[in-house]
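Think of it as A, B and C in the order they're written, each chain with its own count starting at 1.
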Amino acid sequence: MTTVTDTPLVVVDDLSVRFPTGTGDGVVRAVSGLSFTLAPGGALAVVGESGSGKSTAAYALLGLHRGTGAEVTGTVRVAGQDVQAADDAALRKLRGGTAAMVFQDPLSSLDPYQAIGDQIAEVHRLHHPGAGRRASRARAVEVLDRVGIPDAARRARSRPHEFSGGMRQRALIAMALACDPRLLVADEPTTALDVTVQAQILGLLRELREETGMGLILVTHDLGVAASSVDELLVMKDGRAVEHGPAREILARPREDYTRELLAAVPRVNVRRETVRTPKGDDSVLLEATGLRREFGRGRKTVTAVDDVSLTIRAGETVGIVGESGSGKTTLGRMLVRLLEPTGGELRYEGREIGGLKDRELRSFRSELQMVFQDPVSSLNPRRSIGESIADPLRAAGRLDDAAIVARVRELLERVGLDPDAYHRYPHEFSGGQRQRVGIARALAPEPKLIVCDEPVSALDVTTQAQVVRLLGELQRELGLAVVFIAHDLAVVRQVSDRLVVMRGGRIVEEGPADTVYERPRHAYTQGLLAAVPRLEPAEATA
Amino acid sequence: MTTELITTQEPEAGAAPASGARQVWRRLRARKSALAAAAVLGLLVLLALGAPLLAALEGQDANSYHDTLVDSARGGVPLGSFGGIGAEHWLGVEPGTGRDLFVRLLFGARVSLLVGVGATLVQVLLGLAVGLAAALGGRAVESALGHLTDVMVAMPLLVFAIALMAVVPADFPRPVLLVVAIGLLNWGGMARLVRAQALGLTKLDFVSAARLTGASRRRVARRELLPSLAAPVITYAAVLLPANIVIEASMSFLGVGVKPPTPSWGQMLSTATTWFRADPMYVLLPALMLFVTTLAFTVLGDGLRTALDPRQASRLGVGRKRRTTRTSGARTRTSGAGGTA
Amino acid sequence: MTGYFLRRALGALAVVLVLSAVVYATFYIAPGDPARLACGPRCNPEQIRQVREQLSLNDPVYVQYWHFLQGIVSGHDYSTGTGVLHCQAPCFGLSYQNDQQVTDLIVQRLPATASLATGAMVVWLLLGTGTGLLSALRRGGLTERVLTWLTLAGTATPVFISGLGLLMLFCAYLEWLPFPTYVPLGDDPEQWAWNMLLPWLALGLLESAKYARLTRSSMLETLAEDHIRTFRAYGATERSLIARHALRGAVAPVVALTAADFGSMFGNAMLTEMMFGLPGIGQLLVNATRTIDLPVVVAVVMVTGTAVVIANIVADLLYAAADRRVVLR
């Protein structure tokens, strides 16, 4: 398969992918009329929000829609091979041999029963039937070593669950390298990873590209990730290409409205918050935790999720809590509203110890501590209308009659930007962002003094994310609420926080006024965390 | 197979689907096999309810012997072809006794349905009560009920039910005893299901949200859990019901079920084992009735499960592909969040 | 691992203990006067009094239960008036019918039940998993629809209907097989197999339906997993996907259920035994129930219950061994 260097590696011309809907009549266009090319060794990021068709397009490059019932039209050429016209054998040769795919979730994407080295060796043998078992295994160890797995020869015998998330993603990349492909297609390769690990994986991809000269197509929802990894951007929306061009140019001077909107919505970690809290005079301590602990499990298997955390939350302030997975931030948040009982330490609400109270004893002030949850799907009861869900705390309080409750719910719905007539509709009729607004309305209903928001926007698209964050900020100022904002995304937290708390392994490693911590982090961990955040400006990314 | 599909394909895909009886009905209606099964069962219930009327219409009753209709020289084989089918006896007569088969089969349906439905109700109620209590109660309650459930599941049902028949006084009405025995012995599976489902639900944020409103445990159970439990409980009950009918038939077959002369399909089949060479109709009729009944319940249950939760792959229809999409989509959403322990 | 095993063993012991208490209460205390049952219908009050003495029925209930447990663990001595009859551990007492040791009765019945369960297991593993795999791999085709309906029909057919059908077909009309009579394996293996063929089929067919459904859904679930997609995206053929990556995950629940079912067969094969006149444990129980032979009834319930408990532990261990993702806790 000799190719002249100036023929493009990938040619996509007028690609459309349609999925027949299960109900029988209609079809859904996931991709329509998409065209682009990629030069050998080039790197292109396909960027878009959920529903933009970016992954569907990427799957078409390897002919992965074949046999799924999807209708694919247009042409896709990879290294001169027409993917649509190729027979099954040719397609199998292309997959992994010419173009290799890296999937999003590294744990589920590997066979749980087999050693990682064996899985990579299997891929090698699929494309080198002549190679012996030993040669394939040697190749597996070689690529594992290349992607930075320490002690690769020994670790090749481990099964996926014995690897950490980052190592699994490295192993998947190693599998992709096994047959020296000319094109790497990576579908959200870092979405499931913590920000520091993400930075390492992106760095690895860059290195590999420079070293092997393979082309890269990176599918991502994160403009920051795209900006720091590729030369060319393709922005998609609703299955169509919105804008296509050099990354630097698009990021600096977006031509299309949608791109502009998208860029404006991306939270910046290095930009100060626009509106700063105006102290209202009432700075009394609302909630105070001293030496708070929480263990899970018993005996030898005890895991300490939160370890000796002391924290003060004053009326009307916003405290951001950031940390990577396993840092204990969610556990802490749940203890603050007493959904979880602390196993040690003190928790005082308005001067009263509430850490050990029973459900019944909590009831008198339950409604003053509310929570907004992460998952917009599971946080609303699918079988009750949203109005009923919001009315719940009001009914439980028993102070208002029915008409007053309905009026109050309608008022709340309007306040969070929803149609008041939506009272009788069910959660599945709403989008993720709208459901999160319902969740906020429910938290506001009992007129709380403190709301703990646990990753309230992490499941949302970036434009929706910006809207919800803005709404939270407005409400907080207007109602003088205290807010604890928990998130893994440092940029989002910066947009809302007066004070910042950085957690790691169940402990607080750094705490201080938000701008101080972001601009002059003292702890090495915070510094590493901030350095790992992908920057939108390409100039910064390389710096 | 991608995140995108979720939102483009069906905006509501991520949410729990069956949010109304109407939608369930609409999905159920689309399945012909389930509708046919429901029709068969409806007819069967009508036949069972109208058994005395139909008997009067035929002019026969369940327990009169007709010596003249059987050939005593050949041990009591019914005279006439096909087990004595004719205008007098629509489905022929029982060998040996000459009792009318049509009426006996109808009254047998009464026993089967009564015991099947009754025992299932007992199982559902007990299972719900124990399962919910185990899921919502404290650690002590949970472990006590958990052990109790383990014992119930380990109890060999048929063995124990048969053994029970040995010690219960003979004058206790047998159908009631069967309902109680099967119901009391076989609720372990339902309790486990309810507990597991309820525990899963309590981990969901909407239950946490309900707790934050200050709602009591009982209120949480009633308003937040029960509506979501309906689908799995109904689905499992649809599996239990035909099983209970078979258990009743089995016990009567073994001679430890309903007492003669009350007619029961299992008992008829038991007698039929000695008659199948001479009078095949006597085997075929009760066997067919029992088979059709259990098959209809099974098919209907299968349809109900898919109608109640379309995300569960159907066994008779298509829909596998779409399920794949959703699962991976759900994973995308949660994993994208960088969740914390 | 050892800790897990120990905990499971203790849990199993607790379950069996509770079971024994329930069984004891139900059968020895509830029915009123076991002495009358043990003595037989023609006993006079004096004889009943003697029997009551002999069975220690005048002791408090908990003492009786304690003796019952003691008997199981370390045996029991019965005075027969003239001498002492030692009943070896595990002792479940003496049959009311013929004063034989209940343990012996059960041991005598085990081979028939074990023969039946083993053969039926082979049938359901071959037929059930085979059907399930086939219908999973031929998804959407006519084969799948036919197999699905056959499976549903199989689920809805009680063993005494399929057994009767098989008897009628093979023994009465076609006359290919003898009416089954049990021949012990040790006496004549060939005759043993020929006679067991129909019982195996009857019981195996019923279970096959369940296994077909389980195998099918398990296979489909595995095929929909992400790691299958990975290897598909690296050019693996469908056949090697199934053989190398899907099969193992798909059979894990089948293996586990087989173990659990094998254990419960000791109680559940009863109908088949009665149907074909096999001298197994189920037949023993049904006969004992008819004659209200309490020691036998209690012993059978205990033994079959214990079998289920042990089988469930084996099932969990096998499942964990087959599916390494499962962590035993």
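Methods note: contacts are C-beta pairs under 8 Å (C-beta built on N, C-alpha and C of every residue); 3 or more make two chains touch, one makes a residue touch a chain.
Owing to the predicted nature of the structure, the values given are computational and were not obtained by experimental measurement.
Put simply, the chain closest to the centre of the protein, by Cα centroids, is B. Counted by C-beta pairs in contact, the busier of A-B and A-C is A-B.
Averaging C-alpha coordinates per chain and comparing to chain B, the farthest chain turns out to be A. Note on chain placement: the centre of chain B and the centre of chain C lie 22 Å apart, centres being C-alpha means. Between the Cα centres of chain A and chain B there is a gap of 45 Å.
Separating the centre of chain A from that of chain C, both taken as means of CA atoms, is a distance of 50 Å. For chain C, residues touching at least two other chains, in rising order: 226, 229.
Counting partner chains per residue, chain B shows two or more touched chains at residues 1, 318. Taken residue by residue, chain A touches two or more other chains at 64, 105, 108, whereas all remaining positions touch fewer.
Residue ranges of chain A in contact with chain B, taken from their complex: 19, 21-22, 28-30, 50-56, 59, 64, 68-69, 104-105, 108, 187-188, 191-192, 194, 221, 239, 303, 305, 323-331, 334, 337, 339, 359-360, 362-363, 366-367, 369-371, 373-375, 377-384, 389, 392-393, 396-397, 426-429, 431-432, 439, 442, 446, 455, 458-459, 486, 488-489.
Chain contact summary for the complex, chain C toward chain A: residues 225-227, 229-237, 244-245, 248-249, 323-325.
Those residues of chain C lying in contact with chain B across their complex are 11, 14-16, 18-19, 22-23, 26-27, 30-31, 139-140, 145, 148, 152-153, 155-158, 160-161, 164-165, 167-168, 172, 213, 216-217, 220-221, 224, 226, 229, 264, 266-268, 270-271, 274-275, 282, 285-286, 288-290, 292, 294, 297-298, 300-301, 304-305, 308-309, 312.
Listing the residues of chain B that touch chain C in their complex gives 1, 147-148, 150-151, 153-160, 162-167, 242, 246, 249-250, 253-256, 266, 269-270, 272-273, 276-277, 280, 283, 287, 290-291, 294-295, 297-299, 302, 313, 315-316, 318, 320, 323-324, 327-328. Here chain A touches chain C in the complex through residues 62, 64, 91-97, 100-101, 103, 105, 108-114, 119, 122-123, 126-127, 159, 161, 172, 175, going by the rule given at the top.
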